[in-house]
Amino acid sequence: MTDTITRRRIEVLADEPLMQAIERLAATAGIDHFTLLPLLGGKGRSGRWRDDQISGATSKVMFMAVTTTERADHLTDLLEPLLATHHLIVLVSEVEVVRGSRFA
Amino acid sequence: MTDTITRRRIEVLADEPLMQAIERLAATAGIDHFTLLPLLGGKGRSGRWRDDQISGATSKVMFMAVTTTERADHLTDLLEPLLATHHLIVLVSEVEVVRGSRFA
Amino acid sequence: MTDTITRRRIEVLADEPLMQAIERLAATAGIDHFTLLPLLGGKGRSGRWRDDQISGATSKVMFMAVTTTERADHLTDLLEPLLATHHLIVLVSEVEVVRGSRFA
Amino acid sequence: MALDALLQPVVLFFLLGLLAAFVRSDLAVPEAVAKTIALYLMMSIGLRGGGEVADSGLTGAMLIAAGCGLLLSFLLPLPAFWLLQALGRLDRTNAAAVAAHYGSVSVVTFAAGSEVLRSIGMAPAGFMVAVLALMETPAILTGLLLAKGGRSDALAARGGLLHETFFNGSVVLLVGSFVIGMIAGEKGFAPIAPVFDDLFKGMLCLFLLDMGLVAARRLLDKRALTLRTVILAIALPIANGTVGVSLGILGGLDAGSAAALGILAGSASYIAVPAVMRLVLPEANPGLYLGMSLAVTFPFNLTLGIPYYAWVAQHLHKVVLP
Amino acid sequence: MALDALLQPVVLFFLLGLLAAFVRSDLAVPEAVAKTIALYLMMSIGLRGGGEVADSGLTGAMLIAAGCGLLLSFLLPLPAFWLLQALGRLDRTNAAAVAAHYGSVSVVTFAAGSEVLRSIGMAPAGFMVAVLALMETPAILTGLLLAKGGRSDALAARGGLLHETFFNGSVVLLVGSFVIGMIAGEKGFAPIAPVFDDLFKGMLCLFLLDMGLVAARRLLDKRALTLRTVILAIALPIANGTVGVSLGILGGLDAGSAAALGILAGSASYIAVPAVMRLVLPEANPGLYLGMSLAVTFPFNLTLGIPYYAWVAQHLHKVVLP
Amino acid sequence: MALDALLQPVVLFFLLGLLAAFVRSDLAVPEAVAKTIALYLMMSIGLRGGGEVADSGLTGAMLIAAGCGLLLSFLLPLPAFWLLQALGRLDRTNAAAVAAHYGSVSVVTFAAGSEVLRSIGMAPAGFMVAVLALMETPAILTGLLLAKGGRSDALAARGGLLHETFFNGSVVLLVGSFVIGMIAGEKGFAPIAPVFDDLFKGMLCLFLLDMGLVAARRLLDKRALTLRTVILAIALPIANGTVGVSLGILGGLDAGSAAALGILAGSASYIAVPAVMRLVLPEANPGLYLGMSLAVTFPFNLTLGIPYYAWVAQHLHKVVLP
C-alpha cells in the first residue's frame, strides 16, 4: 500500500488583479508551490459577478496550495487583515497526499 | 492565531441549463452566496461528455457554496428528488473558514 | 433527512497529454466515472506554468473521481510509480455523497 | 448537382472533421471560438436577410412563407411523435423530445443550404431568414404538450422556461440582426460587409470542421442510437423536407424560397431545443436527441438532403407553374 | 446627425445587447473572444494612427494635442473628485476611484467616435491615437493621490502597482502598434490591411453587442448606483468633453481632432483603470465605478455624447476661426 | 534584405510581444484564440498549397522534395543527438527529446518564411506544404528510438502513442486542408479566399504577438537553459537549414522551394512534438526542449534564419545552375 500523509489544502478566492500579490504573500509564508483554478461566476455580499465581463477587473480566480499546517496557518494570518477590504475568501481543509515530503 | 470555524462545502455538479434553477433552490435553502466552477468533461452513467460540443446543452458546471450544516442539509433535501431525473451529483465536505460569521 | 454516505474524492493533477492514459489507469482500478477540471496555471518544482502557452503540451488538467476507499487506494497504487517521472500530484480527501450506491 | 454540392470546401471540411474524430485525432476547435462563430453566422444571416427585405419591401409572399413556417413548426412534431413511438420504440418522453427537435430548425443547415441554392441560381428570398427565426420555437411548445400535456416541472418553473424558450439567445440575435439589417439598409451594411458578407463562407468552413468533429465524437462516445432511430433520423428529414417544399410551392413561393422552406422543415435543431429540453424534460436522453439531430440528420442534410430538397422544389415548381 | 449616428449598425448592436440582457436572454459572447476583439481594436487603432503619422510627419499640432491630453488626464479627476463627494455623496476613497476612471479614457468610445467623425467628414488626425495612449495613465496617479495622499497598500506594493499602471496591456499594445504602424508605413500596412482595416467596423459591431450585454447585466445584477451617481455619470462626460473640445480648439487643433479630444476627455475607462483600482484601492466599490463608467457613461457617449462633442467642435471652430 | 525582413509588421509584432513580456506587462492573447489561429494558419497553408498543386499537376520535383523532406526528418535528429550530448552536456533522454524537436518542423516558421520568400520573388512551390506535413512525424520516431531503443512506457502505451504521433491534430488538419485545396481548385477556393487568403498576414501578426509573449515568459519563468544549450539552439538551425537548402538545390528544386526546405529543416517543433514527448518521454524536461525551440530557435529563425536560408539558396542555385 502506498504511504499517504495528511496535509492542509488552503484555497484563496480573490480578484484576478490580486493574484500576483497573493502568490507573493504565499511565498512569504513559505508556500512556493500552488495551482490556480478558473471560476465562472458567483454571488457574495458585493453581489453577482460573471466572468463574461468586458473588464477583467472583477473576474475571480482560485489559488490552491497543499502544504503543512504551519504554513497554511501562516498564510491565513497574513491574509486575515485583508479579508474585509479585499473581499477574499479563505478555505482550509484536510487532504491526504502521496509522497508527503514534497508538500512541505 | 487567526480564528477559524468549521463549515460545510456543498458542491452540485449539473448541466449548464439547470444552473439558474439550482441557484434558486439554494436561495430557498437560505444559501445566497456561491461560486460557479467550469468543468472540462467527464464520464458518468450517461456516458462521456466534453465541453467542446456545439450545443452547450450537455456541458456541465459545478455550483459550490460554503455554508452551515443546516443549510447544506436543507439544500441536499431539496435536491434529493431531482438526483435521478436530472443527473445531478451532490458532494458535501468539511472546510474551515476564516471569519466564519460571513458563511451563514 | 436525506441519507449520505462517506466516499473518497481522489484528484490527480497532470499534464493534458497524459489525461487519456490516466483515464485508462482509473478504469483499471475500477473507477469508470470521473470529471475533468480546467486549471489556469501554477508553480511546482519544475517551475511556473501558465495555460496561455502556444504548445498545449505543458498545460495541466485535474482529474477528479468520487469512489470507494478501495478503488481510490488501488488508483493511488497504480499512480505511485509514475509520480516522480510524470510530475503528477495525487490528492485524496473525504466527501459525503447523497445516494452512495452510485459512487461505487 | 449532388456531387458538386459534396465537393465544396464547406462540406469537405465537415467530412475532414468526421474523419479526424473517427481516427481519434486530438484535433479540436476551442469551444469559445465555436460559440462565437455560431453567433457570427446568425448575425450575418440576419443582417443579410434584413437588408434584402429592406430592398424588396414587405410582400404577400413574406406573409405566406411566415404562415407556412409557423404551421410546419407547430405541426411537424405530431407525425414525428407517432413514428418515433411506433417505429422507433421510444417512450412518450423521449419521443416528444426528439419530435420537438425535428419540428424546430438548424441555423447552420439553413446557412449551408442557402449557399448551395445561391450557387445554382435558386437564391431564396431574404425574408426566409425571418421564417427561420419564427420556426425555432413553436415546435418546443408542441413537444412539451406531447410530453406531459402541460404539467410543469418544479425545477423548470424556477429556471424560467418561458425565457429559455422565447428569449433564447439564437432567436434574439437572429431577429435582432434581421431588424438591424432592415434599418441599416444597403448603405449601412456596406462598411460591415467585409466581416458579415465576405467572411461568411470561410467561417462556415471552420464551423463545419468543428461540427464534423463533434458529430463523430458523439457517435463514438455515446451509444444511445439504435438502427431504428438512425433510420428515422434520415426518414424524418426526407418526409418533413418534402412536406415543406410542397407547402411552399403550393403557397406560391418561388422555387428557391420553397427549397429553403424544405431545408428548414427537414432540418433538426441541435442548439436551442436541447438546452430547453435539459431543463424541462430532463428525463429525456440527450444522447438520443443530440445523436439523432447532430450526428445523423445534420450530415445527411448537408450532403444529400439539401440537393434533394432543391431538386424537389425545381420539379414541383415546373409541374405547378408550367 | 444624432439620429444618423444612432441608426448605425454599431450602435444598433449595442442596443440589441442591452435589450437581450434586459429580457434576460442567455445570449453571451465568450470572454476569450471579447478579450481578443479588444486586443484587435487596439492593434487596428494603433496601426492606422501610426501609419497616418508616418505619412504626415511630426507636426506642432501633435505636440499641442499631446500636451492637452496629458493635462486633461492629470487634472480632470480634480473637479470630478469634488463633485462626486459634494453631489454624489461618495466617501473619499470611492470618489477618488471614480474620478480616476473619468480622467482616463475608453478605447472603444474613441474607436466608435472616430468612425462617426470620419463619416461626417471630420476625421481626426492620426496622432490622436498617441494622445489616447497618453491619457490612459495619468488619471490613475491623480486618483491615487486623491485617495490616500501617496500612502501605499501592503498588498498593492507586492502586486507591482507601477507595472500594472505603466505596462498595462492596453497601453503597451496601443503604443506598440502605433510605433509598428509608423515603421511599416503604407507599404508595410497594405498586406495586413484586410484584417486591421477592412474588418474594423464589423468587429466593432460584435464587441458592442457584448458591451451592451455586459452593461445591462451589470445594471441588473448590482444595485450600486443611486440617482445621484447616475446623474453624475452623465454630467461628468458632458462637462469633461466640453472642456476637452474647447481646449483642443483653443490649442489650434482642427475640428475633428478637437472633437476626438473631447471624446477622450468625456469618456471613462472600464478596462485599464478598474484593474488597477482592485489592486490599490480594494475598499472602493467596483459595482460603483464600473456601473457608472460601463453602464451609464459608455451608452450615453455612444449614443448622444459623440454627436454632441462633434457639434460643439464644429461650432466652436467656426467661432474661433471664422 | 535581412533588415527589410525584420521591419515587417509580422516580425515587429513578435518583437512587441517579447518586449511586453520582458517589462512584465499583463498583455495576453487568450489561449482559445491562439489555438484557433494556429488551426486557421494550418487550414490556410494547406488550402493554398493544395490549390497550387491542383494547378500545376503532379511533378517530379514534388517527389524529390517529399523524399528529401522525409530523409531530413528521419536523419537530422542523429547529429543533433550527438551534439546535444557532447557539447550540450544533456543526458540521453533529454538529448533525444530535443533532437526530435529539431528534426521536426514549425508550421509558423514555414508560414512566415513563405511570406518573406514570396515578397522577394522566391515563392516556394505549393507542394512544399505537403513536405511540411510529411516532416512533422518521422523525427519523433527517430527521437524515441534514440531515447530508449524501442522500449515502451506503461502509461504511454495506454495513452495511445501511435495515435498521438500519426493522427496528431496538426498533421491531420494540414494534410486534410491540402487535399481539400486540391479538390476545390481555384474555383472552389474563390468564395473562401477572403478568409483563407486575405486575412493570412494579419492573423499571423496576432499569432506572432502571442508567440513573442509566450517565448519571453518562458525565458523568464523557467531557467532551464544553459549557455551551451542556447548556443546549440542557434547552431542547430543554421546547420540543419544549410543541409536542407543544399539537399534541395542538389535535388534540382527551384531556389524558392530549396529555401523553404531549408526553413523546414532549420525550424524546430513546439506544438506537435512536445505533446508526444510529455506522454512518452515524461522524464525529459519540457523547460529545456520548449525553451530551446520556442524561446531561442523560433526568434532566431524568424529574424535571421529565414533571410539566411534564402541567401544560401540564391547563391547555391547560381553556383549549381549557373
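Observations, loosely collected:
As written, the chain order gives the labels A, B, C, D, E and F, with residue 1 at the start of each chain.
The rule is short, and it goes like this: contacts are C-beta pairs under 8 Å (C-beta built on N, C-alpha and C of every residue); 3 or more make two chains touch, one makes a residue touch a chain.
All of these numbers come straight from a predicted model, not from anything done at the bench.
The set of chains in contact with subunit A as well as subunit E is empty.
When every chain is reduced to the mean of its CA atoms, the largest separation from subunit C belongs to E.
When chain centres are defined as mean Cα coordinates, D lies farthest from subunit A. Between B-D and B-C, more C-beta contact pairs join the chains of B-D. Inter-chain spacing, taken between the CA centroids of subunit B and subunit E, is 39 Å. The distance from the centre of subunit C to the centre of subunit E, each centre being the mean of the chain's C-alpha atoms, comes to 45 Å. Taking each chain's centre as the average of its CA atoms, subunit A and subunit B sit 19 Å apart.
Under the contact definition stated at the top, the residues of subunit D that touch 2 or more other chains are 28-33, 35, 160, 164, 194, 199, 275.
Shown for subunit A are the residues in touch with two or more other chains, namely 37-38, 93-94.
By the definition given earlier, chain contacts exist for A-B, A-C, A-E, B-C, B-D, C-F, D-E, D-F, E-F.
Those residues of subunit B whose C-beta lies close enough to touch subunit D in the complex are 15-18, 20-21, 24-25, 46-59, 82, 85-87.
Within the complex formed with subunit D, the residues of subunit F that make contact are 30-33, 35-36, 39-40, 43, 47, 160, 163-164, 167-169, 172-173, 176-177, 180, 183-184, 188-189, 191-196, 199, 275. Those residues of subunit F lying in contact with subunit C across their complex are 28-31, 34-35, 38, 155-156, 158-160, 164, 210-211, 213-214, 217-218, 221-224, 270-271, 274-279, 282-283, 285-287, 290, 294.
Within the complex, the subunit A residues that touch subunit C are 1-2, 4, 9, 23, 32-38, 61, 66, 93-99, 102.
Every residue of subunit F that touches subunit E in the complex is listed here, in rising order: 7-10, 12-13, 16, 19-20, 23-33, 194, 198-199, 201-203, 205-206, 209.
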